[in-house]
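As structure tokens, here come the structures.
Shared chain: subunit A. Partners: subunit B in the first complex, subunit C in the second.
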Partner chain A sequence: MIEVKKLNVHIGDNHILKDVDLLFPERSITCIVGPSGCGKSTLLRTLNRLIDSTEGVRIDGQVLVDGEDIIDSQSDITELRRRIGLVSQRPCPLPMSIYDNVAYGCRINRMFKKRRELVVHVRQCLRAVGLLDEIKGRMHTPASRLSIGQQQRLCLARSLAVHPDYILADEATSALDPISSKTVEDLFVSLKDRYSIIMVTHTLRQALRIADNVVFMYLGEIIETGPASQVFNNPQKELTQKYLSGAFS
Partner chain B sequence: MNVRTLKDRTAKGLMLTMTVVAILTVVAIAVGLYLKSRPVLDSQSLSSLLFGSQWRPLKGQFGFLPFLMGTVWVTLLAIAFALPISLFTAIYITEYARPMVKRFVFPVLDILAALPSVVYGVWGILVVVPWISNHVAPHYVDFSTGYTVLAAGIVLGIMVLPLLVSLFIEVFSSVPAELREASLSLGATRWQTALRVVLRRSLSGILASSVLAVSRAMGETIAVLMVCGCVVGLPHGLLDACYPIPALIANNYGEMLSIPLYESALMFAALILFVVVLIFNLLSRIVLYRIEKQNE
Partner chain C sequence: MNNKKNKVSVGKRVKEFIAKLLMWVSMAVVFVFVVSVLWTIFSKGIKAMSWDMVSKLPGGGFYIGKEGGFLNAIVGSLMIVGASTLLGLIVSVPVVFFLNVYLTKGSRLAYVARLAFDVLFGVPSIVYGAFGFTLMIWFGLRTSLLGGIIVITLLIIPIFIRTMDEASRNFPKGILDACLSLGATRWETLKVVVRQIAPGIATATLLSVGRAIGDAASVMFTAGYTDSIPTSLSQPAATLPLAVFFQLSSPIPEVVDRAYAAALVLTAIVLVLSIAGRFITARFSRNKVS
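Here is the complex of A and B:
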């Protein structure tokens, strides 16, 4: 379980996240929604500490992943990142073959001793995202030759390959065509039994379709959070009502 | 036709003219060198010019092999010296260094790149040559002045270093941040990311930069001339003196031109340099094209 306590993130003089308190339930899809620039992506990037590479960043507060505070400088950041997979906005295959893209994380983390085991695992991961049949015979061709939708599924397979507990998705379908977008969306739904998925989306309809829980953010603050049905059908805060009614976006 | 269109067309015509002039200059140099080399080319066969090692201008014998080998030795040594250092420096600056370090390093690199080559030459004479003569050479040979292939290679390597580092920083910086994040988010360390993703993605850029550095190193004259020893003869090791082609031309052009064919021979030396750099660039273009094709 991921728990965020009194999280404040500053980048330079800008106070991006303000006193964020959150609990991400396990084995479900939590969608973070809110207007552009409200800090959704910053929150997501704090959860796996990719925010560290941002110039002038300062983090206060706690992010507890299964009880361990990852903001603490003593935590093993590479192991943390292995446990928290990331699917970014634009598909980003590594400059290598389809096979090597999926095998990359396994090799880095020395997950298999025998090559045969790795091959079997890579095939399983590709099958899990529905790519295995589509790329038959092209396993060792550059990943960049896949279509954008296929590339995004490959990125998901690559994340799954290192056995993460959580998957972060940063507007993972926004660069895709409607059909690919639907495929990826369905994949997330099928994966929620095994993984805790935290998804940033700017499409309310998408959140409505797949979210179990919703977090609504505005100007760096958490305005409302709860089960999707409650937030969408019976929002408690006026700001949430306005956002859902399309008063601002 | 209105004024804006007229200005646009004039600008286009002007720029086209300048482009053509720039390209024609290169062609003119090649043709000029060839015409000037004709006399020596007519007097001796091409193979004896290129692969002969007898250099007796008074007897009309012009074998360029010692000079060719001098150029090759010094250039290879310089690149072998500069390549790993510049790669690691650029990786450190782009992947590890804090912004403050970057702000300090960039101006230093610019200063190093802008230093006149004669300064490097003087530094070579004052520091590198005595160091080789007193501390390196005694372990391997009875006597060495220090004016050697090694001295020229080190000085030249340090000269191309800022160029290579700047180019590599450009190349690595152009790798999308998302790629690094993709690798990091799988549990890779920054070193693993640099090695397996950034370097891999930058392969064509590294190659192109290295070619540029080699071309620059091959043509570098003054600094090399000051520390290479300028002794005609095939170098057999790093502690032999050498005589690269640019040094030959710079040292002798304008002097001893009363010797028949001597000017023509020097022009032929320049032509060799021109052709070698040209071939090298063409080959690298082919390799680059192949790499890009492979990554598509």
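Here is the complex of A and C:
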């Protein structure tokens, strides 16, 4: 379980996240919604400490992943990142073959001693995202030749390959066509029994379709959070009501 | 109204025509220049070119027009260029990696380093030669293959770094994030970075080799010149640019022709390397993510 306590993130003089307190339930999809620039992506990048590479960043507060505070400088950042997979907005295949894309994470984490075990694992991951049959015989061709939708599923397979506990998705379907978008969405739904998925989305309809829980953010603050049915059907805060009614986006 | 419209479009067409004409003229100037350089070298060099020239060492009377060839200079050049390109790559790749992966965009160190490499890029090769010469006196070294390799390596490192650095500027940030989020340390992303900028590395290598193989000033004081092929790093080594330089200043016409033959070989080596480089670049670009 991921628990965020009194999290404040500053980038330079900008106060991006303000006193964020959150609990991300396990084995479910939590969608973070809110207008552009409200800090959704910053929150996501803080959860796996990718935010560290941003210049002038300052983080205060706690992010507890299974009870361990990851903001603490003593924590093993590479092991943390392995446990928290990331699917970014634009599919970002590595400059190597389809096979090597999935195998890369396994290799750097020294997950398999025998090559044959790795091959079986890579095939399993590709099958899990429905790519194996589509790319039959093209496993060793450059990943950049796949369609954008296929590339995004490859990125998901690559994340699954290192056995994460959590998957972060940053507007993972926004660059895709409607059909690919639906395929990826369905994939996330099928994966929620095994993984805790935290998804930033700009599309309310998408959140409505797949979210179990919803977090609504505005100007770096958490305005409302709760089960999707409650937030969408019976929002407690005026700002949430306005956002859902389309008064601003 | 209609007339006015037509006038504007005529004006535009004239501008377009002039712009196109200027481009064609510029293209033609460059093309004529390249062809005339190649033709001069070829027409003058082919007279003296023979199998002996590229397969034999200079004989006793070679420099007064008698038997022998300039194999010493060909082998010397290839030795120096091969070794310094390898050394240059070994030093430059980690520097580029450090500048682009470890340092942030606004880093002062990165700014100062890039400025320094720009300055070094522009330093004339004779200055490198003089610097190398001073170093060699300091360490008590004589003109040698090692001296030549070190100075040429210093000469091409800024070319390597700046060319690869430019290629890395467009490196998709998402690739690094993807690697890190799989549990890679920044060092472990090196393999991925190298794959992505492989075409840039190939271009940098081509530029460096071209500069290294054709430079006479820096090797004059450091590698020296000899009629034999060096068998150790401490022996002097001949190079093709110096073979051209020495023979071109001879009053004997046969020897001057041999200078052009040496220039022809030098040009042929650069041409072959460039074509090979293009193929290799295409091969490396296969996996590149745009």
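By our rule, the second predicted complex is superposed on the first by the 249 of 249 C-alpha atoms of A that agree within 3 Å, B and C clash if a C-alpha of one lies under 4 Å from a C-alpha of the other, contacts with A are read in each partner's own complex, and residues count from 1 in each chain.
What we mean here is this: contacts are C-beta pairs under 8 Å (C-beta built on N, C-alpha and C of every residue); 3 or more make two chains touch, one makes a residue touch a chain.
What you are looking at is a predicted structure, and each value in this text was computed from that prediction instead of being measured.
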item: Superposed partners subunit B and subunit C on subunit A - clash or fit; value: clash
item: A:97 touches, of subunit B and subunit C: first, second, both or neither?; value: second
item: First, second, both or neither for A:40, with subunit B first and subunit C second; value: neither
item: Contacts of A:109 with subunit B and subunit C, given as first, second, both or neither; value: both
item: Contacts of A:121 with subunit B and subunit C, given as first, second, both or neither; value: neither
item: Partner chain(s) touched by A:153 [first = subunit B, second = subunit C, both, neither]; value: neither
item: Set intersection of subunit A contacts, subunit C complex versus subunit B complex; value: 48, 50, 53, 55, 78-79, 81-82, 84-86, 88, 90, 92, 94-96, 104-105, 108-109, 142, 144, 155, 158-159, 162
item: Complex contact set, residues of subunit A against subunit B; value: 48, 50, 53, 55, 78-79, 81-82, 84-86, 88, 90, 92, 94-96, 104-105, 108-109, 142, 144-145, 155, 158-159, 162
item: Contact set on subunit C toward subunit A in their complex; value: 104-106, 172, 174-185, 188, 192, 195-196, 198, 286-290
item: Subunit C contact footprint on subunit A (complex, rising order); value: 48, 50, 53, 55, 78-79, 81-82, 84-86, 88, 90, 92-97, 104-105, 108-109, 142-144, 155, 158-159, 162
item: List of subunit B residues in touch with subunit A within their complex; value: 99, 176-189, 192, 196-197, 200-201, 294-296
